[in-house]
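In this document, chain identifiers A, B, C, D and E correspond to the written order of the chains, with residue numbering beginning at 1 in each.
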Amino acid sequence: MKIQYKPKRDLLETIIHLEILQGLALTLKKLFSKPITREYPGEMPPVYPGFRGQHALVRDPVSGTSKCIACLRCSQACPARCIRVKYHIDESNGSRIVDNYEIEALRCVYCGYCVEVCPVNAVTMTDIFEYSSTDRQSLHFDKERLLENWDHFTKSDSYERQSYVNPLWRPRGFPKSRLTASSRESVPKNRKIEKQFTGTKLGIKKNNKEAGGYNNLYPTHGEKNAH
Amino acid sequence: MESTGIIPRLEVSYPDDVLHSYQYCGQDVVLTRKKHILDICSFIRDQCAMNHLMFLCAVDNSRRKEAIGKNEYERFEVVYQFYSMTTKHSIRIRAQVPDDDCSIESITSLWPGADCLERECFDLMGIHFSSHPDLRRILMPEDWKGHPLRKEYPLRGIGEWAGYETLKEKSLELRTFDYRSSQKGNE
Amino acid sequence: MSRKISFNCPVQAGDEDRYRIQMGPQHPATHGVLRVDLDLDGEIIRKCNPHVGYLHRGFEKLAEHRTYVQNLVLTDRLDYMAAMANNVGYCEAVEKLLAIEVPQRSRYLRTMVCEMARLASHLLWLATHALDIGAMTVFLYCFREREELLEIFAELCGSRLTNTYTRLGGVRQDVTHSIMMKLEKFVDSFPSNLEEYETLIDTNRIWLKRTIDVGTVGADEAVGLCLTGASLRGSGVDYDIRKHFPYAAYDFMDFEVPLGETGDTYARYRCRIEEMLQSNSILRQCIERMPPGPIIGDDAPDLIMPNKPGRKVEVDVPAQQSLIKLVEDRETFMEGDVYVATEVPKGELGFYFVSDGNGTPYRMHIRSPSFLHISALKTMAKGSMLADLIAIIGTLDVVLGECDR
Amino acid sequence: MGQLNENDLVKIKDGVSFIPGASALVGPLNRIINWGRAGSIWPVTFGLACCAIEMMVAGSSTNDLDRFGIIFRASPRQADCLILAGTITKKMAPVIRRVYDQMPEPRYVLAMGSCACSGGLFDTYAVVQGGDNFLPVDVYIPGCPPRPEALIEGLITLQKKINQEQGRWSQLV
Amino acid sequence: MQILILLIQIAILVAVVLLHVAYATYFERKIIGHMQVRMGPMLVGWHGLLQPIADGIKSFFKEDIIPDQADKSLFLAAPIICLAAMMVSLSVLPFAKGWALADINVGLLFIFAMSSLASYGIILAGWASNSKYTLLGGIRSMAQVISYEIAIGLSLVGVMMLSGTLNLSQIVEAQGNSFFGMFIISQPVAFFVFFIAMLAETNRVPFDLPEAETELVSGYITEYSGMRYAMFFMAEYIGMFVMASIGVVCFLGGWYGPFAVPLFPPIWFILKVYFIMFLFIWIRATLPRYRYDQLMAIGWKLLIPLSLGNIFITGLAMTLAQ
């Protein structure tokens, strides 16, 4: 396909500077239109569930501490090698007990692999992205700090709004067999199950039935998708 | 991609240079000696209408399982991939470059665009391209030691680059003029 | 007064009246950290020598020390204007090497995000190109559209810029209805918004004067310089990898490849504008034809590679030290080498893999379009004026992250 | 310094000190200057890698850094703040230091994103492991890249830091 | 006594103009911001109203760097030359009837002289900084000023011919109180040439080559920091103000308006000046930048022939009318 050029301007247009006047008219029109600026400290940007923000360790309501079982999958999957887990083995039953769980937030690249591979939904990424600091040490999260992050997050609006189920724990559209742990948190009952999106002009309608099994796999998040 | 018939033609034209050829994932590959690489490339460009040089890079074979113990492999190889925009065929040439004579002829006379790619090979792998107009380091600083992509080069580098060392010294020295440290000194 | 003028570069014989100037690495118009050494005769460039490497991060070396899955994260940082397209390109290459099947739905999803990335990248290109030439309002209008796309990315995969959306053997997340509704709204409004930018520059006499006959490259010269993408097509060479080696779902899409004739900056500008419209129509087709089905294949590797059969991860526990040592299971992957190219917004992005059967690539070479485009700068800028150089850097659409790797 | 060091001589530099009574004058002046500085932080137009794109977004219409009085200056001589937006390679580090040295006091450094803070993903031969190896970094902004709002939040942190400064002007005037 | 009054007048004028300059930058940022669908300064003061003050305070207390290799005396003198020349030209502007500090007979020439002098400041700044970008900026500025000074002078010859004087107040009087008396009606071509040349004289988009940010970093002011940079900045905005004032005086009927305002006569003058300054800002938000040789070509090949033709036709028309 050869590209088409717009016709050249004629003499009259050259003299009255038509195209420049059009440009001026556009900017003048914009002068009186509403700015699209989001006034940030007062007005928050939309953050969607599954946003890869500040890390946290989920505080288990039962035990009051982290759910981590020190399987080290997260630190193996981490491309930036920023997760350090220290643990010891309980002599009585041979299970691993986490001593410290460190995430170096300044080295992390926020890829979300650690969250996705965690078999017990212990580590997560929250919607919080405002935690700049004037010193380096405060961004080196240890276990306590990570648990605090979770507490901080559970108090925030975005947690309240969608009663958090991180889609990274349970990626939308993933068959159950592919999830790292099949014993993952079940979807709360009051959640609407959304059908998988499909196009309207499908040439292959008959395949629909076979693929129907995938339709009811993933929950929606909050009332956003309800309508 | 079906067989293009280029490999037999190459084998006929350059019987001494073609070592071995194979197809992998539908891509034609020819292993050659480095001696007549310029002729081979110009043959490919002019006789086979392969006008597009897709990429040019160097590989260090020293730790490669399949290469170890086979004498058709040398320490390094320079890989060229050519493509013909008209016939939609492509071919890959792997020219073997021995460790002791680490040089190969430049193809900048055929593809001016190969200039930077060859400089990159020289920079990262240490392969000399004879008759290259301006063979300097391109990605690393001029006084960098070693060739990072060679297999024996560790990931974090050997030693510290001199320029960075001087920078660190300078920044320590200039720190005295810093607001924060002058404050600390007085407190 | 002249006693105080001291030039850093030694002046060679015959060059006494040349004015040497070093543009960059910190310069507003070099799109990052490109450095260009110029020999000026008045304002006319006699010699132009681009220096790259100020963003060389050792990608190819690092990739040899990370698994195939982890390297996916690296590719986000290659061409950060269109991270999605890089993800797709990388995955297509690795899937060819490891012979992984991709389900149809995720092919469509990949096509969709690729085109979204192309739009985002081209919008950023238009913005910076216009800013370089002085039209700063276009810059901000383009960002408005781009923001919409980035918000869709954020909703889709949780990150705005470095998406890590694809996965070997599929994609990471399925789309939801709300994402698709947003996308549809975007697709509907995009052509009229594009018109808006065009009012400001397309027929503007200053823009025409600054772009027509600037940085002209003939078709043969462009091929010789290894230009790809819109920079090549502006010269009239019909080479688009989406047509030549269809990947993802481009086989099923109806689109055309816009070709220029003159090979100057204006032709490339028009080419990219037309490409944006084509991408928009591909997006619409993706929305309309999105098939149902799984988004990830059955034989897709796990996030922790090497994965099968019987992944073996040993943990070295000197209990006091508790350091983690991962002994990678030397599971047999395919041995061989493969080169797969994809059409990213900048041009032809190719990955050349040499595998020796480990979970990490033996050698990964990235054929980055920007690297070759910058090398073409030397030829293109010669004889033009200083202000033209800015326009040429803009029109080549270089991104240094990809160039230096 | 009015509130803190009321009773002793305030030492600014070797041999330069303030008389205690002057603090009534110095205190408000200090506050006004800090307000001026916090209200007009001009960063250098200096992008390194990915984060530079988010920096541009922060300056664009949706977030509009101009609201805070922040406009980008191309010349380091007129800038107050250096945003390290992206990976710092060893080849680039001397250049960055040079840009920093060209800036007039008071100058601030923001490290934006993992790469600038600590090298991030790129633990390789070519990358500096953190900008604070050779620059006095004032604010660290985590994220890869941080959202533009996170950058704004980092700048707000910097404003807070500026507002707490005492007598940084006295050496200059 | 008279001197004292004059001094007070000068002080008031300078204070008002400096405040005006400060707020001109504010309005520029605000208007361009809204044209780009964003907000402009918002948070320093109510709707960012204190923004210029904060900028001023910050610049004043910023370290003043004099590069080692610079020619110190010239480096220090350049911003002062620039600012002083621009400020002096304020003295002859008639803001209202009788509201001029110095109502001299050669007002128009005086302003041209001063604006040429200001360009010396720019050239010296470019030279004395001893940096390559500033030198290029200085050279560009010199060439630009020389070419467009001619165009702007020639374009005003028609006005001088019609009014028969160089005194600014008398030029306004010559246009009279009516709308159709304005010289923009009788001299449209001259106004067109004047307007474009005015943009070039004040280094505004699309002719902002001496400080083209994407080409020359900051052009001739690249090496200036702190207050000295602010002085150049002020000089540029005062230059805009002066040029806009000349446009108002020569083409838009000066202080005359549809009706007379009793207490504050300069109101119409100021409104008209602001209108022209708005045009400056508006154009800045819309247009790209010319290339250097194209700029020269416009100056020499388009504007100067046009204005010469305009003089010829004006002369012809005047002769015929007699």
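Keep this in mind: a residue touches a chain if its C-beta (ideal position, glycine included) is under 8 Å from a C-beta of that chain, and two chains touch if they have at least 3 such contacts.
This one's a predicted model, so the numbers in the text were calculated from it and none came from an experiment.
Fewest steps needed to get from chain D to chain E, stepping only to touching chains, is 1. Here the chain at the heart of the structure, going by C-alpha means, is C. The chain pair sharing the most C-beta contacts is A-C.
Taking the mean of the C-alpha atoms as each chain's centre, chain C and chain E sit 44 Å apart.
Chain geometry summary: the mean Cα position of chain B and that of chain C are 21 Å apart.
In this assembly, the C-alpha centroid of chain B lies 41 Å from the C-alpha centroid of chain D.
We define each chain's centre as the mean of its Cα atoms; on that basis chain A and chain E are separated by 52 Å. Multi-chain contact residues of chain D (touching two or more other chains): 45, 60-62, 64, 67, 74, 91, 105-106, 121, 123-126, 144, 147. For chain E, residues touching at least two other chains, in rising order: 33, 35-39, 42, 213-214, 217, 285-287. Shown for chain C are the residues in touch with two or more other chains, namely 27-28, 53, 56, 58, 61-62, 73-74, 137, 140-141, 144, 162, 200-201, 204, 404. Under the touch rule stated earlier, the contacting chain pairs are A-C, A-D, A-E, B-C, B-D, C-D, C-E, D-E. Chain E makes touch with chain D in their complex at residues 29, 33, 36-44, 48, 50-51, 53-58, 61-65, 213-214, 217-218, 221-226, 229.
Chain contact summary for the complex, chain A toward chain C: residues 1-6, 9, 14, 17, 19-20, 22-23, 26-27, 36, 46-48, 50-52, 72-73, 75-77, 79-80, 84-89, 99, 109-113, 116-117, 125, 167-168, 171-175, 178, 180, 194, 196-204, 207-208, 211-212, 214-215, 217-218, 220, 224-225. Residues 11-13, 90-91, 93-94, 97, 101, 105-106, 123-126, 128, 133-136, 168, 171 of chain D are the ones touching chain B in the complex.
Per the touch definition, chain C reaches chain A in the complex via residues 66, 69-71, 73-74, 137, 144, 151, 154-155, 157-159, 162, 164, 172-180, 196, 199-205, 256-261, 267, 270-271, 274, 286-296, 300, 302-304, 313, 315, 317, 319, 322, 324, 326.
Against chain C, the residues of chain B that register as touching in their complex are 24-25, 27, 29, 51-55, 57, 59-60, 63-66, 79, 81, 85, 88, 92, 111-117, 120, 124, 137-141, 148-149, 153, 155.
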